[in-house]
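Across the two complexes that follow, chain A remains constant while its partner is chain B and subsequently chain C.
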Partner chain A sequence: MHPVLKLVVQRLALGLILLLACSAVIFLGVEALPGDTAQAIMGQSATPQALANMREKMGLDQPPLTRYFQWLGGVLTGDLGLALTNDADIAQSIGQRLGNTLFLAGCAAAISVPLAIILGLIAARHAGKWQDKLISGVTLTTISLPEFVAAYFVIFLLTQDNVLTQAIGWVTGGSGRLLPVAMVFPGMGFWERLNAVILPVIVLVLVVLAHMMRMTRAAILNVMQSAYIETAELKGLSPMTVIWRHAFPNAIAPVVSVVMLNMAYLVVGVVVVEVVFGYNALGQYLVDHVTKRDLPVVQAVGLIFAAVYIVLNMLADIIGILANPRLRHPK
Partner chain B sequence: MNDKHTQLDWLISRVRKGAMNRREFLGRSTALGVSAGLAGALFGKVALAQEAKKGGTIRVGMQGGESTNSLDPALAASEVPFQVNMTWGEMLVDVTPDGQIDLRIAEEISSSPDATEWKFKIRKGVEYHDGSTVTAEDVVATLKRHTDEKSQSGALGIVQGISEMKAEGDMVTLKLSSASADLPYLMADYHLIIQPGGGVDAPAAGIGAGPYKVVVNEPGVRHTFQKHANYFDSSIGHADEVEILVINDNTARTAALQSGQVHMINRVDPKIVELLKGVPGVQIKAVAGRGHYVFIMHCDKAPFDNNDMRMALKYAVNRQELVDKILGGLGSRGNDFPINAAYPLFDDTIEQRDYDAAKAKEYYDKSGHDGSPIILRTAPGAFPGAVDAANLFAASANAAGIPLQVKLEPDDGYWSNVWNVEPFCASYWGGRPVQDQMYTTAYLSTADWNDTKFKNAKFDELLLAARGELDAAKRKASYSEMAHILRDEGGLILPMFNDFVSGVSDTIGGWVDDPNGELMNGRSQVKCWLA
Partner chain C sequence: MADDTLLDIKGLVIEATSYPPGEPPKEVTLVHGVDLKLRRGKVLGLIGESGAGKSTIGLSAMAYGRGGVRLTQGTITLNGRDIRQASARDLRTLRGKEVTYVAQSAAAAFNPAKRLMEQVIETSLAHGIMTKPEAEARAVMLFRKLGLPNPEAFGNRYPHQVSGGQLQRAMTAMALCPKPDLVIFDEPTTALDVTTQIDVLAAIKEAIRDTHVAALYITHDLAVVAQVADEIMVLRHGRLVEHGDTAQVIHAPRQDYTRALVSVRSLEHEEKPPAPPILRVEGVTARYRGTNFDVLKNITVDLAPGQTLAVVGESGSGKSTLARAITGLLPPTQGRIGFAGRQLSRELKGRTKDDLREIQMIYQMADTAMNPRQTVGTIIGRPLEFYFGLRGAARDKRVQDLLDQIEMGKGFADRYPAELSGGQKQRVCIARALAANPKLIICDEVTSALDPLVADGILKLLMALQSEAQVAYLFITHDLATVRAIADKIAVMYKGAVVRYGQKSDVLAPPFDDYTDLLLSSVPEMEIGWLEKTIAHRRMESAGN
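Presenting the complex of A and B:
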C-alpha cells in the first residue's frame, strides 16, 4: 500500500474513534451544565407541573446513559433525530446552516489565503525594510482587534452615511452604503449571497490574515538561509523568482498547516461575527441550542465541528507529505 | 415667523402620516408658540384626515429570537415568538392601549351577575388561513389544550380556574370555580391563540385566523408573512407582506434601522437613545408599560422574615438614581407594589417611597440584625443592567449602614438555581393586563410563582373578594388596600418600572403607544402602515 494511502486510512480510522470520544465528552459537558432543557425553554414563568410534563415529553426523565445510547444508535443508523426544543428535523436544519457556514468560510478563505501568502512573500522579500514593517504592522493590528470591534468598525464605516460611503457612492453611482444585516435565504442567487456577506467576509479576512502571513514570512526566511538559495542567487535569478521557485516549495508544509488551522477556525469559530451581522450559520445555531440544553442538536453540531478539524488536519499532513519528495518517495 | 410656519407644517405632516401622537404634537406645537387650544383642535382635524396606506412590506428587526423557537403558541416565552404569533394568530379578545377589551374572535361577552359564568359569542365567518371557519368547538378545544394536565403551556396557571367549558352553536360558555370579573382579560393572554381543532394535532403549524399567513418560518433568523386575504377586520393589516428579522446584536439592530434595512426595532439600548435622537429619519418611542425590575426577598427566610429588615432595605434603595442610570431616564420609580398607572383601577394617591438613609438605618437597627453581610444575588440576565443596579443598591444601602453585599451569579441556570431558591435576588416581571392577574400570579399565598413567599391572609381575602366584585369603585378600594399591605409588609423591592424603548422609521404611520407590551403589544407590524 502506498504510504500516503496508508496514512489516510489510518487517520480516518483514528478520526472515527476521536469523534466517538468527542460525542461522549460533549454529552457529559451538556449534562454538567446547570438547569435542563425544560427549565431553559420555559424560563422564569414555568410551573412545576408544566416542567414535569415537558420533561416527560422530551424523555428527560430517562437516565442519562439510556439517552446517550439511544442518540448514538440513531446517529449510527443515519438519524440525527428532532430538536428537543421545537421538534425541527436536525439534519434538515443543519444542512442549510452548514451550507451558509461553508459559503462564508469559503469566501473568506478565497480572499485571505492567497492574500496572506502574497503578502508573506513580499514581506520576506523585503525583510526588515519598510514594506515588511508596514505589512506586519497593519495585519498585526487587525488581528489584535477583537472580532466584534472590527465588525463594529466595518459597520460604522460602510453602512452609515459618511465620507467613505459617499465616496464609494460617487464612484459606483449608488448610495455606497452596504446593508448591516447579512442574512441569506434559500432562493437567493449566488451574486446576491456574495453581496450579502461582504461585511462579515471583510471582518474575517482582517482577523485571519496576520497569522498566515507571518507564518509564510517566517517559513520562507527560514529556507532562505539554505545553501541552495545562495546558489540560486549566484546564478543571477531575481529575488522574487528565488523565493517563488526555490524557497516557497520547501516552505509549503508549515504554511499549509497554518492555513488549515485558520480554515478550521473560519468554519467553527466565527459565532461572534455571525451574531453581529445576523448571519444565519451553524455557530449561532449551536449557541442557541447550548443555551437551551438541546442535547441532540449540540451533539450533531459538535460532531460536525470535530470532523472539520480532523479532516482539515489530515489534509494538511497529506499536503505536507506530497510537498516533500523525501516523504513522497520513502526508501 | 416663516420658520415657525414651516415647522408647524412639518408637525402637521407627521400627524397626517400617523407618525406623531396627540401628546407629542401638542408639546411640540405649543413650543412653537401655538396656543394649546388651537393645537388640540388642529390635531383633531389633521388626525381625522390621516388615512392608512395599503401595500408594501413592513420589516421589523428584533432582539429575543433563537433558533430553538417554535410556532406553538403554548411555548412562546420570548419577544420574537410573541411578535410572530401576534402576526398570524388571533385570540378571543385583545386589550386596547387604554385598557379596554378589544373584541376579536369573540363578538359579544356576557357574564352571570356573580361573575362565575361567562358567555363568549363567536364572530360569524372568521376564516383560518387554510380556508376553514372558526367554530365555538375550536375555542373550547384550544382552551382545553392549554388547561390540560399534560399541558406545557405558559398559560397553564392562568386558565386553571375554569372548571367547565362547553360549546353550543356559536356560544362558548365557561364556568369558573370561583368568581372572576376579569376573565375576559385572561382570555387576552398571548398563549391563547385560537387554532383549528384547538391545535391538538398540529400545535406548531402556524395556521390561525390572524391578519397574516406564515410564509417562511426560520426560527432565530427570520419570519415572513403574506396578507390573509379573507381576514375579518379590514381596519388593520395594511401591508401586503411582513418580515420579522431576528437581529440579536444591539449595534447591528440599530444600524439596520438607520440604514433603512428594517422599519422598526425593539429594545433600543437606553445608553444610545440620546445619540439616536439626532439621527434623521428615526424616532425613539419610549412607552411606559407595566414591566418592572425587582429585588425580591423571601418573607419566610432569615433575615428577611423580619419586616423591619424588609423596610430597611426598601428605604435603602435609591430609586431615582436607578431610573436615571439603569434606564437612562426611560422609566419611572416603583413603590414596592407591582402596579402603576398603566393598570385600570390604579390608586395614584399612595405615597411614593424614596431613598431615606436615616429611616433605613432606624429600621435596620430595630431589626436587631447581627451585622453579618446580607447577600443580594444578581446576574447579567436577571434584567438588563441588573449587575450595575445591584451594585448601586449596595452602595446606597452601605451608606445607610446596612451591610449589603452583591454576589454575581452566572446567567446559566439563574432561573432554576437562584430565582425562587435563594432568599434575596434580582429579577423582573413583565406585568399583566389587570391587577387581579398580576397579584394572582405572584402574590397570592398559594400562587405558583409567589417568588417573595409572601403569605398574608388579609391580602388573600381582599384579592378573592375583589375578583368577584363587579362594582369598580369597591374593587378600586380593595386594590388600594392590597397595595398598601404589599408595600409595607411584602418582600418585594420594586425600584423601577421600565419603558419599552423602540426605534421607528419616519416612513411608518399609525404608531400608537401601547402600555400592554413591546412594539404596540406585538401588533405594530399589523396596525402600522408604510406612509
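Presenting the complex of A and C:
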C-alpha cells in the first residue's frame, strides 16, 4: 500500500475512534448533570407514581449503558430521538438549521481564508515595514472586539443612511442600506440567502481574519530562513515570486491547521452572531434547548459539533500529509 | 585588454553588525579593501579558513549580502558597470542571468517541495532566456554532461529522492543552465564523501571547460582548488595574503601563512606495537528498532590502552553506529563488548556508573553538544560532581587544571559557549570528557567541522593527552590524512561491515582490497593534474575489467 494512503486510512480510523470516545463523553457529561428530567418536565407537584411512569415512558429507568447503546444505535441509523420539550423529531429540526449554519460558515470561510492568506503573504513580504504593521494592527483590532460589539458596529455603519451606504447605493444603484437582521426561510433562493447573510459574514470575517493571517505570516517568515530561499533570491526572482512559489508550498501544513481550527469555530462558535442578527441556526437551537434542559437535543448537537471539529482537524492532517513531498513521493 | 575582464573588484570593504551575547551590538569589518580581477572563461580559487571572508567576497559578485552584511566601500565592476550602485531591479536581472551560485549544501539549497527540473530551469524561464522546451533540453544535456543517472528522467525527481553527490551536480546544472558569464562555487564538494567528491569535482571541471564560463571557486581545501583553478587568492581575516598562479601558490608560496596551509599536516605519528586490548568488540551485529536490516554486521575489533583505533569509511557506513553500540545507546542483537577485563551490558540501563565513566564521547558538532545556557565551568564541572562528588573549591580547582590541560588558561570558566571559537568549543568538549578520567574516549569526527590549522591543533592536543594519561581513542573519521596522523590501528568500514582491519602500516600498504583502494586514491593530493590522472587511471582500469 502506498505510504500516503496508509497514513490517510490511519487518520480516518483514528478519527472514528475519537468520535466514538466523544459520544461517550457527551453522554456521560449529560448523565452527570444534576437534576431529574422527569421532574423538570412535570414540575415540583408531580406525584412519585407519575414521575416513575414518566421515566418508564422515556426509558430513563434503564441502566445508563443500555441507554447509551440505544442512543448510539439511533444516531448510526439517523434517528436522534424526539425532543423532550415538544416531541419534535430532532434529526428533522437539526437538518435545516445545520444547513443554515454551514451556509453562513461557508460564506465566511470563502472570503476570510483567501483574504487572510493574501494579507499574510503581503505582511511577510514587507515584514517590519509599514504594510506589515498596518495589516497586523487592523486585524488584531478587529479580533480584539467582542463579536457583539463588532456586530453592532457593522450594523451602525451599513444599515443607516450615511456617507458609506450612500456611496454603496450610488455604485449598486439601490439604497445601499442593508437590513439589520439576517432572516432566512425555507424555499429562499441562493442569492436571496446570500444577500441576507452579508452582515453576519462581514462580522465573522473580521473575527477570524487575524489568527489565520498571523499564522501565515509566521510560517512564511520561518521558511524564509531556509537556504533554498537564498537560492531563489540569487536566481533573481522577485520577492513576491520567492514567497509564493518557494516559501508558501513549504508553509502549507501549519497554515492549514489554523485555517481548519477557524473553520470549526465558524461552525460551532458563532451563537452570539446568530442571536444578534436573528439568524436561525444550530447555535441558537442548542442554547434554547440547554435552557429548557432538553437533554436529547443537547446530546445530538454536541455530537454534531464534535464531529465537525474532528473532521476538520483530520482534513488538516491529511492536507498536511499530502503537502509533504517526502511522504507523497517516497524514495 | 579591458574587454576580456569580466569582474573587477576594487577596494571592497564589507561590514556587518554583530550582536555578541551580553554586550551592545557593534560594527565589525569582514573584508578590508580587497581587489580581485577575473577574466572571461577563467577560474579563480578563493581559499582561506572560516571567517576569512571567502563566501562574503564571492557573494559580493552578485551584490548580495547574506544576513544583513553590507557592501560599504569600493567598486564591483561586472560586465563594465558598477553593480554596487545598481537598483534592486537591475540586480534581479543580473542574478541568475549573468552570475549564478552553487551553494555548499545542495541538500538545503534545493526547495524540498519542487521537482528538480522545475528548479533547474526556473532561472532561464524567469529571465526569458529560453523557452521551456529549450531550457529542458539544455538541462538534460547538462545532466548528461555531469554524469547524472538517467538524464532524461532525472529532473522528475524530488530533492529527497536523490543522493547528496547527485544533488550537488544538479545544483551545478542549475547554475549553468541560464548560460551565465560567471558561476560562484561556494565549497561545492566540502559536504561530500571523498569517493563522491572526486567524481563531482571532475564533473564540475569538465562542465566549466565545456561551457567556457568563468568561475570563482571558494574552498578551504588547497588540494581541491589546485585541481580546478587557474589562479589562487589566499585570504585571511578579510585581507588578501597572497595571489598568484595555481602552480606558484602550491609549489612556491611566498607568505608564511600560505606555507602553513600547504604543509598543514605537520603531525608525524609513530605506530605503537600491538598490546593486550582494553576494548574488545566481538561479532557485534545491530539493527535499529522496527527494521529488519543490520546496520552493523559482525564487527570484531579491539583496542589497547594508550592507543588509537581509527574507524574510517564514508557517511552511512556504520562508523557512528558502532560508537552507539559500544556506549550502549544501540544494544547489539548479537555479539559481545568486553572492556577492561569485564563484559559490558548490552543495554545502557545495565551499565554501572564506572562503566559509564570510563567510556566518554566527543562529538563532531561541539556547538550542539554543549548547553548554550551553561558556562564552561559548569559544563566541565558537571562530570566532576556526578562521578566524583567534587564540590565548591575542589571542583573549581580541578576545572582550572583541566582548562590548563587543554591550553585554555584562566578566565574561560565564566564564559558561555557562544563566546568561544570553533576550536575552543571542541577543546572544552575534550576537557569535559577528560573530567570523567576515562579509559576510552570515542571521538566522532571531532575535527571535521574545523579549519585545517585548528584541526591540527586539536589532534596535537589529543595525542599529547594520550601519552600523558594512557587513554585509548576510538577515532571515527572520513579523513584519511587525519588517520595517517594519529592511528595505531585502522578499521575500514563499508556498508556496516569492516572490510579491512589491522595495524596502520599493514592497512595502508598494498595489496589493497577494491574499496580501500578507491578510498585511498580518492583523497585529493596537492598536485596539479592529480584529478585528471586519477580519473584516467580509473577509466583505464574499468575498461580493463
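To be clear about the criterion, the second predicted complex is superposed on the first by the 280 of 331 C-alpha atoms of A that agree within 3 Å, B and C clash if a C-alpha of one lies under 4 Å from a C-alpha of the other, contacts with A are read in each partner's own complex, and residues count from 1 in each chain.
FYI, a contact is a pair of C-beta atoms (placed from the backbone, for glycine too) under 8 Å apart; a residue touches a chain by one contact, two chains touch by 3 or more.
Just so it is clear, the model here is predicted, and its values are computed rather than measured.
Of the two partner chains placed by the overlay, only chain B lies in contact with A:Leu33; chain C stays clear of it. For chain A, the partner with contacts to more residues, out of chain B and chain C, is B.
By the touch criterion defined above, A:Pro180 lies against chain B but remains apart from chain C after alignment on the C-alpha atoms of chain A.
In the overlay built on the shared chain, the residue A:Leu234 is in contact with chain C alone; chain B does not reach it. Once chain A of one complex is fitted onto chain A of the other, the partner contacts of A:Val298 are absent, as it touches neither chain B nor chain C. Of the two partner chains placed by superposition, A:Ala109 touches none, neither chain B nor chain C. In the superposition on chain A, A:Leu206 makes contact with neither chain B nor chain C. Of all residues in chain B, only 61, 66-70, 72, 75, 77, 149-154, 156-157, 204, 216, 218-222, 245-249, 251-252, 255-256, 258-259, 261-262, 410, 412-413, 415-417, 419, 427, 448-449 touch chain A in the complex they form.
Residues 33-36, 39, 41-50, 53-54, 57, 83, 85-88, 93, 152, 155, 159-160, 177, 179-181, 183, 185, 275-278, 280, 284-285, 288-289, 291-292, 294 of chain A touch chain B in their complex.
Within the complex formed with chain C, the chain A residues making contact are 226-228, 230-238, 241, 245-246, 249-250, 323, 325-326, 329, 331. Here chain C touches chain A in the complex through residues 62, 64, 66, 91-97, 100-101, 103, 105, 108-114, 122-123, 126-127, 157-158, 160-161, going by the rule given at the top.
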